[in-house]
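Heads up, the next two complexes both have chain A, just with different partners, chain B and then chain C.
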Partner chain A sequence: MGTLTIGCFASLVGSKSLDFALKLSKAAVDKGHKVNIWLSSNGTMMGKANQKHLKDYSTSEKYVKELLEKGVEICECEACALARGIQKPEAIQGIKWDAMHWYLAKIYNSDRVLQIGGE
Partner chain B sequence: MSVIEVGIIIQRPPYKSETATLGFTHAISYQVVDIYLDDGQSVTPKVCLIGEGVLNCLKNHKAMENYGVTSIESHIKNALLVDLDIYVCREDLERFGISEDRLVDAEDMGADKKIQVVPFSEIQKILEQTKHILVF
Partner chain C sequence: MKLGVFVNDYKTVTETVGRLTAEKLGLIFIQNGVFHATIKENGKSSYLLDKSANFYVLAEDLATRGLTDADVDKRVKVVNYGDVVDLIFNEYEQIIWI
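Moving on to the complex of A and B:
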């Protein structure tokens, strides 16, 4: 089985890119692959707890928790989150907080890397 | 000893979005990647500026004055100072009418590296040798 690392830079609300990343991650992990997710830029919104599910907007919290339970490693860019007013206690439990070298290190050990850009 | 090369393509212009800045900051972070890897393992980014991304390497940014943020010029200088390879597409520079004397350098900081202006065919060869590619 392989290792897939996904860099998520898109916004949770306003695009379906993160929704795609989560579903792809679930499909990969269900097939037995190892998955790592890096949240950077507007992608850091994905890691915030207490998201309210309004039917017109994407939410990720339920899916993120499910992925964490399945062993997916998810890491949030600390600087990107803090710059957006997201504090560590507000993050979904189980998500790591680190810096960009975490992403590069995961890339080192990955068979495939998918970068989902913010723009 | 096992070092992999990661291609970092920057194709977005400066400051319109955060994207170009993130390309450079992710590249520079290679300096400390070793702390998460085993002995002898490392990552070497190859930064390639193409399309509107070549606009990032113009000199004399006024980002701090205008936006209150660190300039991409400063990130480029830091990248050169830590010996990152930065390649700029010659054809795209010509398309924008940018001459090489208008490009950022980090001589004032004592960097040995310079931005390398190369044809697109050379960038393709560089990227073919990388294990993974990140597009910003």
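Moving on to the complex of A and C:
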């Protein structure tokens, strides 16, 4: 089994690319792989708590919590979040807050890395 | 190098992807990239399918767009998320997102 680290620099909640990252992570974990997710730039929106699930509108909080329970490590870029007005108490519980060195360390120790850019 | 490429758009990324070369190249069509596997403009398939590469398309993104396996070019293999994980770990050393 290997380790996959995904860097999500992609767009806001509701983004197809964030959906893809979450679904790919779940598939990898279900196959026994270790997964790390780095949320950066607008991707930090994915880590905000109290997302309202609306019909036909993709939200990520439920999926994120499920991944955390499965052992996926998710870390939010603290500076990116703060710059967007997201405070740490507003984050989904279990998500780490750290700086770019967290992502670099995970990349260094991963078998595969996928960086999903902004839209 | 064995390179896997996620292609997530139909119009904007074609030229860039078209220039990529690798010892082993895999193009994984996702999101609006699935149209490379399905659309024929003026009777011609996407020119990406003429590349020397392996082609895959994500079933869920086909279904989201009302497409089925029957719409997919014969050169392209329809895969699910689990298959994509296997491609990442078993078939390609480097994975990029375009």
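Details
Note that in this section the second predicted complex is superposed on the first by the 115 of 119 C-alpha atoms of A that agree within 3 Å, B and C clash if a C-alpha of one lies under 4 Å from a C-alpha of the other, contacts with A are read in each partner's own complex, and residues count from 1 in each chain.
The working rule: a residue touches a chain if its C-beta (ideal position, glycine included) is under 8 Å from a C-beta of that chain, and two chains touch if they have at least 3 such contacts.
Everything numeric here is computed off the predicted structure, so don't read it as measured data.
Superposition of the two complexes onto chain A shows chain B and chain C fitting side by side, with no clash.
In the superposition on chain A, A:16 makes contact with chain C only, while chain B stays out of contact range.
Within the superposed three-chain model, A:117 lies in touch with chain B and with chain C [touch as defined at top]. After overlaying the two complexes on the shared chain, residue contacts for A:41 are found with chain B alone; chain C is out of touch. Contact with chain B, but none with chain C, is seen for A:100 once the two complexes are overlaid on the shared chain.
Of the two partner chains, chain C is the only one touched by A:27; chain B is not.
In the superposition on chain A, A:2 makes contact with chain C only, while chain B stays out of contact range.
Superposition on the common chain places the nearest Cα atoms of chain B and chain C 7 Å from each other.
On chain A, the surface patch touched by chain B in one complex and by chain C in the other comprises residues 112-113, 115, 117. Residues of chain A that touch chain B in their complex: 7, 9, 40-41, 99-105, 107-108, 110, 112-113, 115, 117-119. By the touch criterion given at the top, residues 2, 4, 16-17, 20, 23-24, 26-28, 30-31, 33, 111-117 of chain A touch chain C in their complex. Chain B meets chain A in the complex at residues 4, 6, 12, 17-19, 22, 25-26, 29-33, 35-37, 41-43, 45, 132-136.
By the touch criterion given at the top, residues 6, 8, 30-31, 60, 80-82, 84-86, 88-89, 95-97 of chain C touch chain A in their complex.
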